[in-house]
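Order of writing sets the labels: A, B, C, D, E, F and G. Residues in every chain begin at 1.
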Amino acid sequence: MEMSKNSEMTKPLDALNQARNKSVLAELKNGLQFVGTLKAFDIHLNIVFDNAQEVVEGEIKRNLGRVLIRGDMILFLSPQNK
Amino acid sequence: MEMSKNSEMTKPLDALNQARNKSVLAELKNGLQFVGTLKAFDIHLNIVFDNAQEVVEGEIKRNLGRVLIRGDMILFLSPQNK
Amino acid sequence: MEMSKNSEMTKPLDALNQARNKSVLAELKNGLQFVGTLKAFDIHLNIVFDNAQEVVEGEIKRNLGRVLIRGDMILFLSPQNK
Amino acid sequence: MEMSKNSEMTKPLDALNQARNKSVLAELKNGLQFVGTLKAFDIHLNIVFDNAQEVVEGEIKRNLGRVLIRGDMILFLSPQNK
Amino acid sequence: MEMSKNSEMTKPLDALNQARNKSVLAELKNGLQFVGTLKAFDIHLNIVFDNAQEVVEGEIKRNLGRVLIRGDMILFLSPQNK
Amino acid sequence: MEMSKNSEMTKPLDALNQARNKSVLAELKNGLQFVGTLKAFDIHLNIVFDNAQEVVEGEIKRNLGRVLIRGDMILFLSPQNK
Amino acid sequence: MEMSKNSEMTKPLDALNQARNKSVLAELKNGLQFVGTLKAFDIHLNIVFDNAQEVVEGEIKRNLGRVLIRGDMILFLSPQNK
């Protein structure tokens, strides 16, 4: 049973569990931005996006399909409520 | 039972426990500043903010909603008593 | 039995299992891009490509044959459906 | 019972135990300097200061109240005998 | 019994096992290139070459004899089929 | 019983054990140099100096008293036989 | 019993065991070069040299006596057969 967005979180990964199969923004340490559908993640913050797009200043730069982004490059992850 | 601000701390994470659901400033190693309501954290200092805002020289630059910030990017965290 | 592309993923490495023996793009933290046939990987994201090619702006720069790329240099891995 | 300053140390964290609730200078890898009252620390050298001040060339730049500084940013910690 | 080059790999280190006592190119994160006979390696990708040569743009710059290269400096390793 | 300087070493920390309570030079990865009396150390090479001095080109720049230097900033440690 | 230089190696540290009490070149990630008599090492590649010399373009720059070099600064180690 998936927890609702307002259910209690105790650990950061709970936030990712709630965002699974939803659109998530990943901003990387080198400034790159990717948006995609969150399919999988682990404790290292390695993530898999489907339908991933690299975004530069709000414009789509590349369509990448499925990507596995290495967790140690993540600056932040933000679920997109759109 | 939540510990009061003046209760004894022994470990750094005790300070975050006391700041849960309160406004916290996160200053990152790359100079970015985020303010938000602290919802979750772990031993790596991965944190989840709700109502997160990126702040540049005291001005709000972006409203980000919920963000999970990777702990290894944190320079310091400071509860905001405001 | 190999999982189909549409089978459920729970962990990021499941995405690599599905891409084994297929063409994968590896974009590195230093900007280099390699394409090759994914032969092996581990939890550090160390990967082995056969028929690896270094690619610069869509052009093949070097044919490298087999390469083992160190996982901590990976920015992202993307299976190529081509 | 708190050990006196001259009691025997065997491990580096013993020096922090002796400095608890006292004024400590934290010089960071990026050149920033913070002074505050040491309230908590752990084996990663994550530290919590109360009444923390950012100091630039001997001048107070910012009053930060309570801060949790991530241990991997610490260059050195020095108890202030003032 | 050594596995042949075409035998099945499951882990990246299997590729190094197959290259033991053969010529291997090591390209490092700082751009240096070394070629040598692979004598030993471990899970960190620390490697020992005998008859190691530093190579710059295809030219031998230094003959180093035996070298132990620290694994965290490796960008990629590529067996040389020559 | 303290080992003499000429006793057998098997591990690097044995060298620090022999230098305890003696003057040691710490050269850091960022080029800073500190000299002080080695009071404590651990497996991460975190060290505590008493009477620590920052030294620039052979001149004392700062008297710091007691400092705990984070081990991951150490380039090398060298006992001073003076 | 010390293994001869031509005995079989299986792990990189075997190469260091064979070089104990012999002259070894340490080239560091920041370009510095040290030559000394290898006295001790561990799995992190922390090493202790006696009679260590910093070398710049083949010239001795500094005589350092005993040094403990932090393993994570090592680019490569090369036994000197001289």
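Quick note on the criterion: a residue touches a chain if its C-beta (ideal position, glycine included) is under 8 Å from a C-beta of that chain, and two chains touch if they have at least 3 such contacts.
Quick caveat: nothing in here was measured; it's all calculated off a predicted structure.
Participant: Chains shared as neighbours by chain E and chain G?
Facilitator: none
Participant: If each step moves to a chain the current one touches, what is the fewest number of steps from chain D to chain G?
Facilitator: The fewest steps needed to get from chain D to chain G is 2.
Participant: State, to the nearest whole Å, the distance from the C-alpha centre of chain C to the C-alpha centre of chain D.
Facilitator: Distance between chain centres: 44 Å.
Participant: Return the distance between the CA-based centres of chain E and chain F, expressed in whole Å.
Facilitator: The computed centroid separation for chain E versus chain F comes out at 36 Å.
Participant: By residue number and range, which residues of chain F touch two or more other chains?
Facilitator: In chain F, 72 touch at least two other chains.
Participant: From chain A, moving on to its ring neighbour chain C, which chains come in turn until the ring closes?
Facilitator: A, C, E, G, F, D, B
Participant: Where on chain B is chain A touching in the complex?
Facilitator: 28, 30, 32, 34, 39-42, 46-48, 52, 64-70, 72-73
Participant: Under the stated contact criterion, what part of chain C meets chain A in this complex?
Facilitator: My answer: residues 9-16, 29, 45, 71-72, 74-79, 81.
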